[in-house]
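Labels for the chains are A, B, C and D, by order of writing; each one numbers its residues from 1.
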């Protein structure tokens, strides 16, 4: 079977990781990536020997790339015309313009990231929660990083025991490592409640009542979310653990092992030798799980830079009808990304 | 009536504020403070002209004070023998030693701060939640800063509508401004759940089921706590607001007014011209209050340096039987500390 | 003699402190302050009982103040027409507009803060370095916070021993406590060298060759500057110490006393009971002074929120010809602000 | 020629990177690494499939490894007896014990990291500054991370133009990413001057007079050092640039390209796909280079986790007499670590 041909628009924090993710899928081909300027990410790509072809979006000044000797494979339309599906990780709002002006005209499917409005897509998509809704669709929008990780855990409990209501507190990292265009110094910052991640969860899982509060914190290595979930039945700590432990995209963490917080998890990804030290799985602390009457409460960490990559690969599989069901689709993604292999190691992950 | 004579052991972050708090009570007299070494706090006291008498605890080297010209009024026993009640804000663990070796022998009452174990005291005390239990007792222990502020809000709802269960997430500031002996850098740190503040709440309010998760954050200007409370009846946002607005030790905050987070609240205290910029009230964001089904969720900020001072003053009033009820006791404290005056200003606080 | 009548435009971080500073000068009268909106600073002013009259600048919506019950004394022209001199701490760029459109027409003198361009003023002013140049002038511009503190120390050595060259490294705090409109998270940020503070120093002290590098750091409690100064003669550590110790606006700090860094200095200001915990003096670490061959190197901390207040008061004295010389002018300012009193306390400050 | 057999004691932040560095040297063999407990670093090694053999130091509890299924190759003596040279990155102080109790008795050479005292070694070593002194020696001690990077740049100018004096300001990152055992929150912390890095520089380069001041900052991604260097002749900006650009272990950075500070440099290493995102080279900002009279001033960033790895590899080459001169020794290290390849890419690095 011919490989599905994929392009990536926007080679920023997410775009770089989307490209790496596609390159790892045995049944996909990364045709190339598109960007605007010789950013540090593009310079790093060049220093690595241009493993991916570079295309320039409209408005890019090719002479700046020529000066540096960075080879350019063509313009954005050359890329779009040469793919089956685009992953659009352009700055927020550009995705919609690309859809209307380019993708629709070229008859190319596309998957947008969380920064775009829901209206950009036919389906607001999550690989585990609603894979089947994405099958054969032309335009998908992924959930944002927090929502993606959160839904993994809520969907996990929901399928095992039934969930009716969740209340979340998001302790949000305010910038990515290396960010200089945003930041917060010695301050926690409130956001008007309810936080959009709860609203998004309800859009994807309409049978659940969700609300929550978000607080920004001056750190870069991962959001932490506490979840209070109310089930159709009482969910004990043991029941929650049993469900979480089986989920390929959830790693169980214990403080006693050294997983003290989000920074340990970031460090662990680096020590694993992952490219950029990225982690695809969310981490969920065993030590955090407590019962609140009939409800269950727990805390997870969202490695914000890479967490949406697996679900985006799932999205390609759905939109391109490479697989039909969540079980098949996510299993293929997991296989190629090496997700879940750690489950058998006895490390308790 | 003779003023109640009060001494303060340990002139650190809490001790300084206890001394200031006592000095403001028209019906108490601050006999003096005791410490060990010419710390910056003591030097500042000297630079201000020694408004409080300084006594030296055992092991202090008086020559170090003499060198600097800092006047010493006597030793610790001179202080203890001259007071009705001691406020002990010594380093954790010292309070118990002081009780056994000194206060009991001298027949002096004492109030300990949250760092001591509960066993040090006859009553684990909170001015609003269990004032009457402290009346005439010899030894009280105050709730810690987070618990003190948390209980204000839970007790407020409980008295108005009845509360059965709370689940909290504490986003804990990791150090005070000026701390160099502890810190965290670009990391969130988990703590094993359930967090002790929930356990402490249940000790004070045994009819409530409480649990929660605590996450340390690298900031200095105040903890933020989210609370999910389950009432005996459904508590709407309006009902919660109505109750909170009446509480003298809760200030209502709105992001639109500029209260963006814990740092705004800290700054506001400075701009008010309060000594050290301290705030006695907790801040509670109107914008954070949301309903989760029948439950109510909200977020508050705990100004950790000063928040326990009013409840400690309440404790003196209870232990010394200066007043008999929570209404009378807290009203006197509030009057002398200027708490609640803002309620009438139309600023919506 | 009639008091000099002073107004303050812009009641932000600097404006609040300028108002407080003027209010403390026995020979000046604070006619009022002007601002645009009921910010937290204005609300705090109201909660304190309106110690200063409030005037509204053009474009302000008076109904917003009326709603809150905040009394308004008049509009900006009412203030300007009623003063001898305006202290303009409006946002950068507004000062120039105010000068051209308002102050010049009203025949009122003005002093601008460091955010304005030098062209706004007749003299780029520093109370210790060039007081006499400001005498009788209509428009002065103050040096910025870093430059103000830096010049105090360089001028101090220069007058004692002669300085020919300085090279500085500024470790810049990136935000003030409470700032939410700027910030940096887990990152040091470079700035193109040479840093403007070195250039500004040369403008004020043209006989000195100055250059330097500035690095932004994610903290809020004071800049730290290291200075390498080359004298006309070798300046030993003892010589430097002797000069610094005499300067009223320099406090000598020692790590052994507990002054571990900028946060200790901030805390000390709070413990002194200063309004907002402000410090007017720069701190200079004895432990930091080292000889580099014939050069002398040292580190100082700049309490950025309040450090320019004394030199602005000096500026009023110069512009209004209240005194004629730096010795007289700065002495009066120091007397009213309580600067230098600590020198006699034996604390070594 | 038989490969030199190398062991690594202590698999922490430095030890992990030493092991990786040795594994990349075509003329060395990594026999194994030794540690004490199943830390996260060891668990990551296991999850990666045990690319390195693990030996247990005295006091380790083998059953903890067995439980997790982590294979153990033997005990510490098995490792030591099987190598030509040990790289000791044990906690500070343990290296000396290992030397006296183990290495000397086993007749094995060793290289210690900066945390040990100088007395542990025959030579205080830097690959570029004094390679020849290390040739055939039994015990070397590496300079610390800051000193290693600093000396690269000073030695570079010294060999080109002659350097007589340097004065440095170190803006020190206070923890590594993932550290929970140390930290600083919203504070700059002074250290008593002169800082040890200046003293260390003089030990390695005794013809240079060096001093400096160190300030701790609450960040994790690299120290920044400003250097003021006084040459035997005037060194212009162009002269400095020319020398720096040729040095394989110095990368030239420009803010305009996106290298805004230490966090950009950290991010660039991740984007390059380096294991753990590590950078061996120091970064030096072109935009920071300024002339101060006849002196030259510049700023560099030290990627603290990996910067000493190349010089340690140089140390093995010297101690084992694999090469005779700094030119030969460092060239082999650079070749195997891929250092300097970026120089030809036209990216201006």
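Here is the rule we use: a contact is a pair of C-beta atoms (placed from the backbone, for glycine too) under 8 Å apart; a residue touches a chain by one contact, two chains touch by 3 or more.
It should be emphasised that the depicted structure is a prediction, and the values quoted were computed from it without experimental measurement.
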Contact-pair overlap exceeding half with A-D, pair selected from C-D, B-C or B-D: B-C
Centroid comparison with subunit B (C-alpha atoms), farthest chain: D
Geometric centre distance via CA averages, subunit C-subunit A, whole Å: 48
Computed distance of Cα centres, subunit B from subunit A, in Å: 42
Chain centre separation (subunit B, subunit C; CA means) in Å: 35
For subunit B, residues contacting two or more additional chains: 177-180, 185-187, 189, 218-221, 259-261, 263
Of all residues in subunit C, those that touch subunit D in their complex: 165, 167, 169, 171, 173, 186-190, 192-194, 209, 211-213, 215-222, 224, 226, 228, 230, 255, 259-263, 285, 287-293, 295, 297-299, 301
Residues of subunit D defined as touching subunit B within the complex: 174-175, 177-180, 182-187, 189, 218-220
Interface residues, subunit C side, partner subunit B - complex: 16, 38-41, 43-48, 67-69, 177-180, 185-186, 221, 257-261, 263-264, 266-268, 270-273, 275-277, 342, 345-347, 349
